[in-house]
């Protein structure tokens, strides 16, 4: 399959990844698993972790979370700062950096030991104790994160961040540094295809209604300024990360993870998008 | 059910409608029909007609249509003019007024007798010859349509309208003046729940892939600045009109039309949104 | 002197002008006159006429005019549409197209025979009966004026245009089609260097306070997105037109008109700006 | 004279000032001095210090400074963030917070002992050794300066800040904490009315051309989103500060300082603006 684009270079550590990597893994709610390529190699899931942070915060504070962050697509990245100004520090949705920073602030306020509690929650979903942060990646991102410092302080200036910006961002960089393989990722997100319940333990991670809402949010806001295009061509709720990973969910059927580090101009995995487009077109498995 | 908001008043004719009207009608792909309230009364479908114009243009010019109009949610209404400037006259999506005006321009160029050909197409989908424009509504809208004149001429100034603005808008106002009942509306849109084919005649209105893409667009862009909220709370592709109508589609299952004239602050039917939210929540029939 | 840039080409008639033309003319309040180059050739003064329209409207309605149009620089052209939306149809200043269209609307409401009355006013200032509109230029501009149609209808949609947009724009195009030479132009604007009074007849065109305010507006808003740069390098109140003309005023001393058709990227005469910069630098005659 | 508005409250220390204070002082280039009210009381000059920082940086790096910061009015505050994004970290002018932060970064790079060297420069202009920073004010501003942290890091993300944001801001807060009386302020700025030379020592602070350019910048950009209005009503180059001070300069004649702490909605001294408007209207001493 054709490959184009550039590996994310703004974070020095991400730029070191071999751009030729390609992995894909499917996990179905009836316990079937298919993997191919580098599907067992761990990579930095980056913004995909925003979904996990949102899931944990939604469990804890419920629908009050929507007082702090919206549920609407953002238009262009360009507009995000204007919208923060117009909306007085309420980000348009939780998958923008601004929104994920607000979610991090909520978790920081609610958790006793934020770092430990969050990773414990992520591990507990599929009982996978090997999942962990990468201190190296978090540190690398922190060193060049001037834009995120700007965002967090801008929101704070509207009184919509409760903790100190430096603490919020340290936690946020840790979240985004999570590493896992396509196999682990598709397994981890399978509960969103299963009405919020882990398929093995049957434990509810979210209520059915909450689970549907997270899927709806991934559908409308999961791919930045390319969310419409992803719905249009792939037709599944999903979320991408600047590390080249994409997770997509087909409700009541499966979760699929793809990894290919080269990014298109909108910042989403070039080959990952292409693969999923062909996959749902051939399999006729779009939700639409 | 609680009712709030105001009937659209900017178009004098629309302001005359009885705000107490409420109708709902479901049509399923296995030929079942359920209706309630004012479901047989005709109303002005307004922007819902943008979907029909898009469907007809998509049939005629295929994927080239996406060179003239995008597939991304627009962020706020506020941004639409800026985005037209930034994107040199390419509207973000075909359900914004700007986008539907461009689609009207395409139809005007491609059809021999645009008004007659379009209504003939709409009638042909369900073989319903009683569907028609309302000259009264079209005229009423034209008289106050300064904002639309501005949009059309702004796009023309970028060379992205081929016909004369006055002709494009006359056609556009006719499209938006279509009148039908909830029963007719749910029947008309049922092909989008049936992979693009009319359920009776089996005739393909669109290819399966095209049909899925129209649904995806309705999901991400169908409710202006409330599209994310509709996906979040209702979880179905849909489109609203300022006349108080909403159409929603559950792929492989049904189409549902609701009508209640009072609008919320985002310009969507207050009671229509509430009804659909309860309907999909209780029936657990969201696509997510 | 170096010459660069392009002659305005969006109006077909303007594109026909010989780009090599260069004229300059100074008129002082103590009745001295100096001219050079093509200073007796008539050219299209275009936006310079916005000052004359403002002067006439200011005479008629007084300070109430500032309820319809602001006195602040606009930032970039890019922002003008957003600002019209934010400010509900009140243009930032009378020298933007939007602002001059509002001023035209005011004159259209107040004058019995707008075209005749306006040209009579302009002629009366210096008793120069040879000044006139160019029907050819007005017609040429009208045929391509989609952006202006957009602006006028956009403002109308906020209720800030009282007449029909088509009538307002016809009048506006006439105003902008005024033709005169550098000699006539510097003579015409000399009253602004003379506290509002014609230097010969001593007749007050404006009160002293009004005259100072027009100068202040030209200083802060006369050169679109290059107003700061003109104040910075030239240091005189002035106004440019897309026909390549520039008028500048040194209060209590003189008015100077320059004409050179090639425009820089901001739409102001390339050589005209350069000439005035050298002129005030060498003569140490900036107002600062 | 009527007084309205609110004392700046976002900086706790500023909120403690008695709002009834009112002082005014004029210094002329022919060595005359007139003062009234609280004209000998020191106050926090805040943004007025941006002019002094610019003057010092302009002396050191010359016209290269305009590669780092523009000379155009900014339109609304609202736009400043968008413009920083569009212009990739180049602020529109040096009197916006963003622009003054860039000027601070330049000084920080060029000065051996930035704090000591800057205050030494300010003192040297009029040989006034009593001028000094207020540690109390600088500290108070720093504690609530989230918006400035956002701005500085945003500019840094475009590579347009060379030092560490925390160091740039510490220096910036010191500059803005300068305290002086109206008497000292009008004396300090008198060189700008005297073609760049101190009136006593005849020492050139700036060249004549540089001095005119600083005046032009104050004329077009000195009062944020009210610069046009100040030119319109007062007609002098000037600069305001959130502490309620205003300095205005009449080239070749005088400098005038006013202080009254209550601010209008645009953040400029309510009574200071009113006083200067009456002063130039009655004295007919506007530059226009």
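Lettered A, B, C and D in written order, each chain numbered from 1.
Rule of thumb we're sticking to: contacts are C-beta pairs under 8 Å (C-beta built on N, C-alpha and C of every residue); 3 or more make two chains touch, one makes a residue touch a chain.
These numbers were taken from a predicted model, which means no experiment stands behind them.
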Which number of steps is the smallest that gets you from chain B over to chain D via touching chains? 2
Could you classify the chain A-chain D contact as same or different, where same means more than half of all interface residue numbers appear on both copies? same
Repeat of the A-B interface, chosen from C-D, B-C or A-D (over half of contact pairs identical by residue number): C-D
Approximately how many whole Å separate the CA-defined centres of chain C and chain D? 32
Rounded Å distance between chain A and chain C, as computed from the means of their C-alpha atoms: 54
Could you work out how far the Cα centre of chain B sits from that of chain C, in whole Å? 45
Listing for chain A: what residues touch at least two other chains? 78, 82
If each chain is a dot and touching chains are joined, what shape do you get: line, ring, star, complete or other? ring
Which residues, counting only chain A, touch chain B once they are in their complex? 70-76, 78-79, 82-83, 86, 92-93, 208-209, 211-213, 215-217, 219-221, 225-229, 231-233, 235, 237, 251, 281, 284, 286-288
Hey, which residues of chain A end up touching chain D in the complex? 78, 81-82, 85, 146-147, 149-154, 156-157, 165
